[in-house]
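What follows is chain A paired twice: with chain B in the first complex and chain C in the second.
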Partner chain A sequence: MKKLLLSKLDEWLTTLSETQRIILPIKQTDQVNFGVYAPGAEVSLETLRTVKSAKDAFFPQVENMMNFRSEGKSISVETVPLEEEDFILIGVRGCDEKSFEILDRVFLSDPFDPFYAARRKHATIVTLACSRPDENCFCTNFGVDPTNPKGDVTSWIVDGTLYLTGNTEKGEALIASLEDANDEPVAAQQNKTREILEKLPFAHLDLNGFDGDHLMEKFSSSKWADLSEACLGCGTCTFVCPTCQCYDIRDYDTGRGVQRYRCWDSCMYSDFTLMAHGTNRPTQVERFRQRFMHKLVYFPSNNDGTYSCVGCGRCLVKCPQNLNIVKVIKALGGDRNDN
Partner chain B sequence: MQRELMERIRALMDKGVADQVLAWKRGEFFYDTEPAILTKDELGEMVYDSFCGPNLSKYLIKEMPKIENKILALIKPCDSYSLNQLITEHRIDRDKVYVIGVGCKGKIDVDKIRAKGVSGITGVDENGDKITVHTLYGDTTLDRKDVLLGKCLFCKGKEHRIADETVGESEDTSEGSDRFEMVKKLEQMTPDERFSFWRKELSKCIRCNACRNVCPACSCVKCVFDNPNTGVQNKAAANEFEENLFHIIRAYHVAGRCTDCGECSRVCPQGIPLHLLNRKFISDINELYGTYQAGECAGQRHPLIDYTQEDSEPSIVHERGNNG
Partner chain C sequence: MTTDNLIPMVGVVTQIRRDTPDIKTFRVEKPEGGKCFDHMPGQCAMISIPGVGEAMFSITSSPTVQEYQEFSIKKCGHLTECLHAMDVGQQILIRGPFGKHFPVEGELLGKDLLFIAGGVGLAPLHSVIDYVLANRDKYGQVDVVYGSRSKDDLLDIDQIQNVWMDPKNRVDVHLTIDRPQEGWDGHVAFVPTYVEELGFDPHKTVLVCGPPIMIKFVLQALTKLGFTKEQIYTTMELRMKCGLGKCGRCNIGDKYVCKDGPVFRFDELSELPDEY
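Right, the complex of A and B next:
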């Protein structure tokens, strides 16, 4: 195990950033999001939840896919080069790290996504353990151990010191120059945190019945209307979610050609998967149902039982009207169906 | 007050005034209340306390076609302006709503409690000006006024501008604040400073549309930005220009109709002070056409659609000053 005083963090980051791009939680006008480090940036590792998740590092909200340029009667097509540069992603919590496994299942299976794959290949991921889980954290329900997240390097903050341990070759290499440390402080913190995790209000959600076998039963539940009643149809939950991965491909008219880009889409929107026949989900009840059925039923039934929720709690914190996945799980989980 | 309110609602339902109420219902925690339409059997889920911040008036639009008789609606003093404005715009039929004006002493913003470094929140006790927050990591006592919703710091006062009856006491939580203070600061900046201020804020926008969807003035059945046939459909800003444009267009569209209810800023997941754009318009309207408050009563015509020969000419005022 290695260690670094947090007061020396900026120095270390500055050195690292000379050779590689670093992406980590940065504060900008009161909000903390993952952003590219530059010396002087207000790094905020202690923030438990960034507004948006770490998925942006691999799957940004907007990215160019190709450009068309017209000159006279000819149109030229320019491909956009893949991002083939190494970078370091620091401060990823256990929940967000788990989300990469879910995104990999989507983007790295057929049809393979080269944009995502390139970024994924070039990242060195430094995770950060949690020591002060919030009341609305529920990652342990989805197999996450927030006291010991994975990644190329795992780190812990204990009393102003960052402890780091390498899990892969490139992880070991990244922290090789740091000072050696013993792991007692980390073990002590982990034990304390585990006690708190056990006491969290959502430590043991009943996920029984959220699987392919109960698909029609969940789909047909009469509770969706009530659950979605206050939904504004905004995309906040989907955009702050670390596992939401739907996107749309659109053309932007530049005046001299077309910029073809993809951008995050939201199943909460009325034009989501809109096709020539009209919309397949006419009201917010169906849109709302789609989101949670996907996370809790469709995805696990197609992916060996893996839910596409990691319990990060962002939708609980950010929904303007306080709707969220926990309310859905509690209303429909276990044997609480329409009886 | 919650009990008194519930008893009154039950009595009105018993009398046959309405069989549903637009209210707030309890969530998983004490703070995550949720707007809901409740029947008499569901009244037990109802909650009315310091965490009922959302403005409910816009939900009535969706209910209009379904209501045969009347619906009860719980409306706070500030929300009553939005309700009036929606009645003015014929989005809500006044005859279909029985308005219960609910007392309000300012609503608490749990995000502001969190911003003070308080985490693992499990409970709260309110004692006058102080609140004690219970957490997994111990108790913290805070000044209530430090954790009020941003909109409550510019409270519009105790009066309900529309109500069939009122229940509970209200308090003005504005403490004499000037809602145009920040607008004036922005006006005094150089164009570059102002641009940089807004870029820092608007570059955080994730185009979740929460501001638009919660806004009582944004009541178009289909927004141009959602409609594939408009040619300007836009799910994400392709560049900085589009990032700015969305919010500026929205502010223009609601100018004169915005009651300054503050919901846009309350719901923004990135904490963008969107209400400042609207307040700039309100401040300009006040300067050019005299003080005007949208939603003060139903049936008003706002200055931007109400021509009189005495109207000032904005370009002349801005060129020569407002003294003739």
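Right, the complex of A and C next:
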């Protein structure tokens, strides 16, 4: 176990940033989000829940994939170099760290996504344990231990000090120069946090009904109409979600060539599946159902029972209509017959 | 696999054939000649025009053709309008092949085959029929039921009449159009009705493609004739962006149509939510 006074954090980050890019929670225009560190940045590790998740680090909201040039009837294709530089991702909470495992199952399964894979390979992840989970947290339902998150390095903030322990070789190397510490303060904090976690309102959600065998039963439930009635189709839930990974591929004509980029997309949008002859999900009921069926039934069915939710609580906080996955789980999770 | 899955190659349109008022067939080759990649019947390719967009199309030509690939494309949206406006010699972008193919070297071997197509739904089956004809002895009896709105909407009628109907190919072709038309002395009926009238022996293996409503009624007609879902294959069309089962668009139940399909057997489809 190593330690660093938080008052010295900026100094440490400045040194690290001389050789590697650092991405961590930074306060900008009154919001805390993962951003690239520069000396003087307003780092905010204590923020429990960044507005957007940490997924941008590997799967950015927008990225250019290739360029085209047309001349007469001819076209040339220019590839874009992959991001092959090491970087450090700091302050990732247990829920967001778990989301990388879920995104890996999508982007690293055959055929793997080269853009995502390059970033993933070059990252050193420093997670940060939670000490004040709030009433919107429910990560423990999905196998996350927020008091002891994974990553190359795990860190804890206790009384103005950052404690760090390396879990991998590159993690150990990152913190090797820091001062040694004993782990008693961390253990004490973990015990306190576990007591809080146990008392959270959504600590024990019943997910038993969402196994693959009940796919059609859950799909056909009459509850979807009520559950989705207030949905505006704004897509906020998908954009703040750490595991939502649907994307669009589009062309942008710069005037001097065409960029083909990909960007986050949302199954909540009416044009997501729209083709020239129409759409197979014509109303918000079907789109809403698709999002939750995918997270709770379809994805686990293809991924050894792993749900595509990590209980980060962002959709609970951000949905303008107060809809969220917890309501869906409560309505459909436990009961197998009463649909 | 590499970035090649997402990054297209350049292809040249070497021939454009107008089949119907709204369907053209495009022949695509590598700029240096030869087809862009190998495929099997029923597989698809992503075709794009820079700055316009990219979409998934079934490959119409048979894998046995070495020189080129063909795509029969109906003009129905922005990209297809731009494709229809192209001239020969134009380069396009292409990547593939994507998806599962019809089991031409598996379950279909030795079987009596019944192809049922409506309109541009012939495009993906065309590849299978040509493959079967190129390997004629590997399969039993072959029947084709093909219908469209009018005689002018029948796709690739020259090949149907001159090749498929050539007695040496041993194919029974049954053409039909939706409404009576001057100059048409063939059958007039919707495809599902015609299938029922023809009363096929229910031991055949069926490959069907067409508008969703046609498929629905063909399925009913076949069921009446005694066919089971395990004997019927179809190919699906949903919006796709990546072709790799990652962008999320073509997800139906726990399947991705781009990689788990587009070819499905009806017993597999009936286990999925009815969202296609």
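Rule of thumb we're sticking to: the second predicted complex is superposed on the first by the 329 of 339 C-alpha atoms of A that agree within 3 Å, B and C clash if a C-alpha of one lies under 4 Å from a C-alpha of the other, contacts with A are read in each partner's own complex, and residues count from 1 in each chain.
To be clear about the criterion, a residue touches a chain if its C-beta (ideal position, glycine included) is under 8 Å from a C-beta of that chain, and two chains touch if they have at least 3 such contacts.
All values reported here derive from a predicted model rather than from experimental measurement.
Superimposing the complexes on chain A yields a three-chain arrangement in which chain B and chain C fit side by side. Of the two partner chains, chain B is the only one touched by A:K327; chain C is not. After the chain A superposition, the centres of chain B and chain C are separated by 90° when viewed from the C-alpha centre of chain A, nearest 10.
Look at A:A188: by the touch rule set out above, it reaches neither chain B nor chain C. Look at A:D30: by the touch rule set out above, it reaches chain B but stays clear of chain C.
Contacts of A:A225 after superposition: neither chain B nor chain C is touched. In the overlay built on the shared chain, the residue A:F68 is in contact with chain C alone; chain B does not reach it. Once chain A of one complex is fitted onto chain A of the other, the partner contacts of A:L274 extend to both chain B and chain C. Look at A:D248: by the touch rule set out above, it reaches both chain B and chain C. Of the two partner chains placed by the overlay, chain B and chain C both lie in contact with A:D265. Between chain B and chain C, the smallest C-alpha to C-alpha distance in the superposed model amounts to 7 Å. Comparing the two interfaces of chain A, the one with chain B and the one with chain C have residues 248, 250, 265, 274 in common.
Put simply, chain B touches chain A in their complex at residues 27-29, 32-37, 54, 59, 111, 115, 119-122, 135-137, 200-201, 203-204, 206-210, 212-214, 222, 226-228, 233, 235-239, 266-267, 269-271.
Contacts from chain C toward chain A in the complex involve residues 1-3, 5-10, 48, 50-54, 76-77, 80, 87, 89-93, 237-239, 241-242, 244, 246-254, 271, 273, 275-276. Interface residues of chain A facing chain C in the complex, by the touch rule stated above, are 65-66, 68, 70, 73-77, 79, 82, 106-107, 110-115, 212, 215-216, 219, 245-251, 253, 258, 260, 265, 267, 272-277, 280-281, 286, 290, 293-294, 297-298, 301-302. Considering their complex, residues 28-31, 33, 48, 51-52, 61-62, 132-136, 196, 199-202, 226, 229-230, 232-236, 238-240, 248, 250, 252, 259, 261, 263-266, 269-271, 274, 316-318, 320-324, 326-327, 330 of chain A touch chain B.
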